[in-house]
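In the two complexes below, subunit A is the common chain; its partner is subunit B in one and subunit C in the other.
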Partner chain A sequence: MKAKNLARNIVIYALLLTAAVIFLAPIAIILINSVKGNFYISDAPFSLPDKDTFVGIQNFIKGFTQSDFMKSFATSAFITTASVLGIVIMTSMTAWYIVRVKNRFTKVLYYLFVFSMIVPFQMVMYTMTYYAFELHLNNPVGIIFIYLGFGSGLSVFMFTGFIKSIPAEIEEAAVIDGCSPIKTFFLVIFPILKPTAITVAILNAMWIWNDYLLPYLVLGSGENKTLPVAVQMALTGGYGNKDMGALMAMLVLTILPIIIFYLFCQKYIIKGVVAGAVKG
Partner chain B sequence: MQKALKKFFPVFILPTLAAFLISFVIPFITGVYLSFTEFKVVNDSKWVGIDNYIKIFTTDKTFLDSLWLTVKFTVVSVITINVIAFFLALLLTKGLKATNIFRTVFFMPNLIGGIVLGHIWSLIINGILGFFGVDITYNPDYGFWGLVILMNWQLIGYMMIIYIAGIQNIPEYLGEAAAIDGASPLQTLLHVTIPMVMPSVTICAFLTLTNSFKLFDQNLALNGKAPETSLLALDIFKTFYDHTGLKLAQWHGMGQAKAVIFFLIVALIAFIQLRATRQREVEH
Partner chain C sequence: MATIKFKDVTKSFDNGKVTVIPRLSLDIKDKEFVVLVGPSGCGKSTTLRMIAGLEGVSSGELYIDEKKVNDVPPKDRDIAMVFQSYALYPHMTVYKNMAFALKLKKIPKEEIDKKVMWAAKILDIEPYLDRKPKALSGGQRQRVALGRAMVRNPKVFLLDEPLSNLDAKLRTEMRSQITMLHKKLQTTFVYVTHDQTEAMTMADRIVVMDKGVIQQYDTPQKLYNEPANMFVAGFIGSPQMNFIDSTVIRSGKDIKISFSEYELDVPKSKKQALESYIGKDIIIGIRPEHILSDSTPDKEKGSCILNVTADLAEMTGNETNVYFDLNGQKYIARIKTERKISSGDSVKLYIDENTVHFFDKDSTAAI
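Up next is the complex of A and B:
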């Protein structure tokens, strides 16, 4: 029995290791190519760097200085942080109001939010871009407002699901003590919402950080471009003579922060993504 | 509470509502209306009835092609992703050590954005095809299978996590009882494990289904240069922003009509999903 188990375990580990190698290979290939010279990337993407092709961190220096990588990185970081903060605070407040004030208006509003979750972006892509330009929201600050609108569906849905399970007595005690609704919300309700708030924050952060089409249409590919737009422009734009080395370095620099973030907050990210999947 | 809270409508509801109206509700309603018009810009449209809907099925050949391609891609992706993800989940729930490291590795691609994913795989696939002196635009099949591989790489780990949770929820005595009754491991898998994880199968099937059906970023980055491998979302985008031949207003009207059809299909999938989940809840 024991020998049989050992054989079984060896087979399982062998299978898992093979799968792990396949899963890591694409990232490894990008890493390897990011330290190779320009001409050896497209021509021989799978060969390891040797003394002729190894260029050290030269690609990374070019990636940082030539393209406006740093600027796009900062733009993306600003938009993501501000939008996630805005979404978490505003939609949790909205969700609380929808649950506690029961009338026809809040009911319709709730169903509209749920409805918006199933509408694909292409449906509103053209018209939304038009209104964004008309209302001068086509800048890194204005786009935060648009993300609040697009993120509100899932976020309100997730917050209302949780708030329904909070007994109203808790809040009533606070009101009797003379707290205003705003104070009650931030001192009593919001702390209880923390687990859901983390989930909502992670889901929205992953979406906004990686989002391409919305910022491409609203902010364009000029000075306000976000990181995914910058990557797409750098890798497809222009004719010939692409600096492949710098582009590989750019890909590495784009992935690296996500992977580091993931390794540190893995527990929350996996939990959040699964919760979002099961509810959405 | 309700009375006091109502006075604070402008604080609690108004910002979210305004953003929601401007970025979703109004564009959605205008979008539906504009699908029955020819328009250069949103506020300059001419009513044409259902002309656009007729044209996207007759004049413009790309729509049906990309719809068919999307259906094929979705079916292949849903099957491959779920089979492999379920298999990995089974391997990771055998009580072995160090399985957490594998979970971490398998889930990681899910966090990388579609554009970056597309370019990573573009380098790899073109690198491999380079040995044969061609690239991904050479044959539409290359683009199709490239996209399937990319989608598998991205979503297997995500689905695997959901399957692991489903398998771990199965009460242990069920497997033990089956073993006592003399069931082989394969019988236990078919008659105990799989029926018990059916709720996870429903979730994963629909998640992969909608994700594959709505795919855009990966498609643009990997197959942007090969028009015959445009899925629906990319075809709609190209109808709006990247076209030749007809007048601008006609393209916009057709693009919007395509978007409405696209929305109706996605809504239908969501509706079926809702019913499937509800039914299951009644059964248990």
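Up next is the complex of A and C:
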């Protein structure tokens, strides 16, 4: 029995280890090459930097100066922060309304949100792009509203599940204590929703920060381009014409903020996902 | 400190399709401890929630301290409520939970601190002020909920089954704490429960409700000794009152009650009322604790002697519950454990006619 368990564990660990290597390899390659000289990147992309190939932060300086990286970084940061804040606040309010006001309208509303989760982006992208231009949403502020639309399905679904587990008596206690509906939401409900709110924020932040297609369609590759579009632009062109070192440095700087954000908030992800399953 | 008055209040849901309170008129005196009691779905919690303002009044008038409050929002009614599930704010410490309402009223910090410390001292929760509710036991949480209500110094305290989630020992403890709190605070208390022991031990007056209608509103003693109908008689008292189908018969110049093969004298006070029932079926009610055994001293024994077999005898300490059968109906007697009674024993049980209740069979009202 023991030997059987051991064998099973070895197989499981081997599989998980392989998966981890597959997922981490691209990041490792980018990290290694971001501190190597341009020639060595194409010559030996998998070798670790040594005293000949190591160039320190030179690639990072070039990445900053040679492209409009900082502007794209700021655009991405603005769009992600504003969209995530909007999604978290508005969808949590919507979910609260759906759970507490039980009528046909809220039922339909809930199913619409759930339905929006399963509609593939490719199905709506042309009409969406058309209307984004028609309604003058093709700018860093306008795209926030589009993200609010795309992000609300999953967010409302997650918030609804959690709010159902909050006893209505807590809200009634708040009403008796003197809270208006707005105060009840921000002083009582929203703080209770913290684990779910952080989970929703992480999931949306990762998606919006890394999103390529939507900003490319709506904002294009002009002066308002986001980081993923900027990176893609830097990649375009004949091989060898491009400064691969600067590009690797750009990639490191692109993935760094979202990894840091995730590491800070990751303990809430599981909490938020299972919250509502069992009454605490 | 306030009076509460319901004047022909009705409450219905689903646009009038479901009526929970058909018509309610009730007067609660200032500083009174009133308990609303009844089975699940009798409308007691709805009545309490109407006082709180959490449920609107469909028609009629509701007054708190002689001021009509039909359209007054909960926060302006000067009431405080303690919920069954405590309803503490989980993200706030005990101190913040208690201070929350005062903070919203923009009361100075020093005054909030004074009030919270005062309530915490009375309720013995001072050591837990920095803890969050999840780090407290059920009893401690309930005390925090009481403290949250106390600091507001409300005109009316509303308590919705506050002890239901506690274990039996803690419930008894908290029961006396709440009674003492009422004496200390000298405020009107309205308390909802389905537990008749809580109602009997705590209330100045009890409202017994069924299907949204008040069955009787009186002191615990009156409810126990003079129940208005079979519902109240059955609801108040544990174990429940025995109801026996009987007939009023004439026996010479006298009238008697006949049931099974037995006859029972009619107490003098009831003779006149029962005259009109001669030849008719009525229901008599006998509380299990009023049935005496042959080990009780002679002078206390009743005139009617039942010779029965104990189907089951449950010894509960100083008393034994004896289950017996009369004409296929099950009854229970609670007798003092002076001699051991076992299941299957033949027992002589005595009924004192002065402790028997008489009910009209059709209307179920007391005769």
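Just so it is clear, the second predicted complex is superposed on the first by the 213 of 280 C-alpha atoms of A that agree within 3 Å, B and C clash if a C-alpha of one lies under 4 Å from a C-alpha of the other, contacts with A are read in each partner's own complex, and residues count from 1 in each chain.
Rule of thumb we're sticking to: contacts are C-beta pairs under 8 Å (C-beta built on N, C-alpha and C of every residue); 3 or more make two chains touch, one makes a residue touch a chain.
Please read these numbers as outputs of a predicted model, since none were measured by experiment.
> Quick one: classify A:20 as touching subunit B (first), subunit C (second), both or neither.
So A:20 only meets subunit B here.
> Return first, second, both or neither, reflecting whether A:55 touches subunit B, subunit C, both chains, or no partner chain.
neither
> On the A-aligned overlay, A:172 touches which partner chain: subunit B = first, subunit C = second, or both, or neither?
both
> Looking at A:183, would you say it contacts subunit B, subunit C, both, or neither? Reply first, second, both or neither.
Second partner only.
> Just subunit B (first), just subunit C (second), both, or neither: which does A:88 touch?
A:88 contacts neither subunit B nor subunit C.
> According to the contact criterion defined above, which of subunit B and subunit C contacts more residues of subunit A?
When the residues of subunit A touched by each partner are counted, B comes out ahead.
> Based on the superposed arrangement, let me know which partner A:130 touches: subunit B (first), subunit C (second), both, or neither?
first
> Based on the superposed arrangement, let me know which partner A:152 touches: subunit B (first), subunit C (second), both, or neither?
first
> Which partner does A:191 contact after superposing on A: first (subunit B), second (subunit C), both, neither?
In the superposition, A:191 contacts subunit C only.
> What part of subunit A is shared between its subunit B contacts and its subunit C contacts?
In the superposed arrangement, which is not itself an observed complex, subunit A uses residues 172, 175 for both subunit B and subunit C.
> Spell out the residues on subunit A that touch subunit B in their complex, using ranges where they run on.
Listed in rising order, the residues are 8-9, 12-13, 15-16, 19-20, 23-24, 26-27, 29-30, 33, 41-43, 45-46, 90-91, 93-94, 96-97, 100-102, 109, 112-113, 116, 118-128, 130-132, 135, 137, 145-146, 148-150, 152-153, 156, 168, 171-172, 175, 180-182, 185, 206, 209-213, 228, 231-232, 235-236, 251, 254-255, 258-259, 262-263, 266, 269-270, 273-274, 277-278.
> With touch defined as at the start, can you tell me which subunit B residues reach subunit A in the complex?
Within the complex, subunit B touches subunit A at residues 1-2, 4-9, 11-13, 15-17, 19-28, 30-31, 34, 41-42, 88, 91-92, 94, 96, 99, 102-116, 119-124, 126-127, 130, 153, 157-158, 161-162, 165, 203, 207, 214, 216-217, 220-221, 224-225, 233, 236-237, 240, 252, 255-256, 258-260, 262-263, 266-267, 270.
> Quick check on the complex: what are the subunit C residues that touch subunit A?
52-54, 73-75, 79-81, 83-85, 87-91, 100-101, 104-105, 134, 148
> Contact residues on subunit A for subunit C in the complex?
Listed in rising order, the residues are 167, 169-170, 172-179, 183, 187-188, 191-192, 194, 280.
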